[in-house]
Amino acid sequence: MSEAQPPVPLSASSPPPGGILRATLAILGKDLLLEWRTRARLNALVLFSLATLLLFSFALGPDTAALRRSAGGYVWLAILFASVLSLGESFRVEAENMSLEGLRLLPVDGRALFLGKAIGNTLVLCAVSLVSLPVAIGLFDAEVTLDAGRLVLVMLAGCAGVAAPGTVYAAIAANAKARDVLLPLLLFPILIPSLLASVKATALIFQGDAMGELSSWLSLSCAFDVLYWGLGYFLFPRILEEN
Amino acid sequence: MFDWVASYSSGLQAALWAPLVLLVFVLALTLTHLVDRGSRSWVWKVLLGIAVLMFVVQAPLALSWAPAERYMGDTGRILYMHVPLISLAMALLVINFGASIAYLMRPSMTADAVAEASVSVAMMYGVLGTLLGAIWAKPTWGTWWTWDPRLTTSAILLVIYTGYLALRRFVDEQERRATWSAVVGILAAVNIPVTYFSVRWWRSIHQVQSNPSTVDPQMVMVLRWSYTMFIALLVVLLYQRTLDALEARKRESTPP
Amino acid sequence: MSPPVIEFHEVSKRFGARWALRNISLTVPVSEVLLLTGHNGSGKTTLLRLMATAIAPNRGRIGILGSDARRDRDLIRRNVGLLSHANYLYEDLSAAQNLRVLATLLLVADPSRVVKELLERVGLADRSMQSVREFSAGMRKRLAVARLLLKRPRIALLDEPFGELDPQGIEDMEAIVNELKASGVTIILATHLVPQGLRLASRRIHLDSGCLSTPLASQ
């Protein structure tokens, strides 16, 4: 047995400078590590989004022109469905042994928790879209008419717009009754406007942007990002605490 | 606000001061009840009576006195109810937004009760208004429903706040429920301006909000009767529901 | 005499419509080892969770280390360790990774060495790479203790520390509690094993359906 450790002196009440950033990175690192160690789950998630894409083509029948026209919408629906699963999972992991409370009592700043989890969720959704987007392009015979950099930007802004409110709502739903129903019930409707912007932007990339509308849809999508990330940053600590 | 008062005082329709007087009366009674909550249960009956009276006066005005709309004919009369219902539902959602912020700034049972009551009344107004809109749309646009931005965003708002009310049912603990609802209320409110401006942002078959100067004065009068009537009803319902919600919270927290 | 590290003033806590704790007033002086007893559902866990600021009281005032539990939550949390039924572990991380994440967040210097030492101390050194999911209840408890020690708290709140442990584990746990005690940590010990508890504690309080019954003198 080692010798007894003297207790550390009472720490100062304000966190060290750069604390939020450092804590964010630590939380993000932990989530990515978890994601890596349970990568079978991530694979299943990607497969699920591919299966959804296939289902759309069954539902619509072999009308190639219609499928091509709506390819952007299908990609985003596949991501949306996958997001409920990945968001729910990201807080089920925290709820299993009440680890989220463990972090809260450490204490970890609630804002850092939000940023870490929301960035992690954005990355997972990006991974999903990284696979489902090329598959959709092949499956629905869509083509990227504008440069790929724009497409990356649209996907990134869209995934971030799903992840931020999704992180807030998943944290709430994880602690409520009927969490599996509650999360999509809360999340889907509020995502529709921001998702609409992403769908329009993606469709413009697939079909050509004759009127130069892409930038306005992209900025609408970014505006939702700013709004939801800002609100999440300030509101998330409140949903963790009891009062 | 000012030109509303001005058009009432133009002398053209002095009798149409009545709804404003009644509205002031309703507000005064509600305030009295707020100050002295004791035994004034009769206040509710009076308030309800006023609302019914206003409806009795308003109905013939809307149904026959106002001229038929040039393009829509008599179906246009539905709009005397549809327009105030929908816009007041939106106003109630803004009240919910305010109450949610108020709760997060300074937690209180009252703020939470107002938040809950405002959404439940907003749902009543919103659903009724949407149904009337669909009935009006069938002869006018030839369909009950179209996926036009205005309709779609309004429907989304209804679903969003259904989720909000569902959340309230799924959380038992008072403080948690209040905080979480406030957070969800604020995030949901992001979509209120989207709905309001959707008519202007996307080209839409739904008409833009009208402006009194372009409409027949008789129609304006009737519409104002409707507005005052629904505002009076709103005050009564909102107040009653808030009191109910407060009562429920008190029951939950009996002293140890 | 230094001020008490834990002060409860007329504290009540409600879950839904049920009052779990009623009008609790108590003070704990610095470096005391307090034994907390009571039947299942008497409110022991709630009391400890209130001290850890995991939950907030509906009525009354709580002061920890001279700070108000409502206002200076972060300050209190930095100095209080809670060993709870929920062990706060990530099932899909290994034992070492669980501690490593914590060490990073606590800004511990030389985390690798500290984590290794701690795992040895709780007897999990040879299982350090295993997922917590494969751990037995007793091993989880040991890892949860390592988690608490990593934080080096001034107040240690131990909720059933001997539960789920084998005789060897109980002995080890007693040694750890004694070490903490020797280093001046204030300890609240909630346990059913009254003999073990009394051996370690200097005072005993008893909870009976949410109320403090008359404190019994120990021994």
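Going in written order, the chains are labelled A, B and C, and every chain counts its residues from 1.
Here is the rule we go by: a residue touches a chain if its C-beta (ideal position, glycine included) is under 8 Å from a C-beta of that chain, and two chains touch if they have at least 3 such contacts.
None of these values were measured; they are calculated from a predicted model.
Most remote chain with respect to chain B, judged by CA-atom centres, is C.
Chain pair with the most C-beta contact pairs: A-C.
The mean-CA centres of chain A and chain C are about 35 angstrom from one another, to the nearest whole unit. Chain B and chain C have centres, each the mean of its CA atoms, that are 52 Å apart. Residue positions of chain B touching 2 or more other chains: 172, 175. Within chain C, the positions touching two or more other chains are listed as 56. Among all residues of chain A, those that touch two or more other chains are 241-243.
Chain contact summary for the complex, chain B toward chain A: residues 104, 107, 153, 156, 159-160, 162-164, 166-167, 170-172, 175-176, 179-180, 182-184, 186-188, 190-191, 194. By the touch criterion stated above, chain B contacts chain C in their complex at residues 172-173, 175, 252-254, 256. In the complex of the two chains, the chain C residues touching chain A come out as 52-56, 65, 70, 72-75, 77-80, 82, 84, 86-93, 97, 101-102, 104-107, 117, 121, 131, 147, 149, 151-154, 175, 179-180, 182-185.
Against chain C, in their complex, chain A makes its touches with residues 1-2, 4-8, 10-11, 13, 15-16, 22-23, 26-27, 29-30, 33-34, 37-38, 93, 96-99, 101-108, 241-243.
The part of chain A that touches chain B in the complex is made up of residues 165, 168-169, 172, 175-178, 182, 185-186, 188-190, 192-193, 224, 227-228, 231, 235, 238-239, 241-243.
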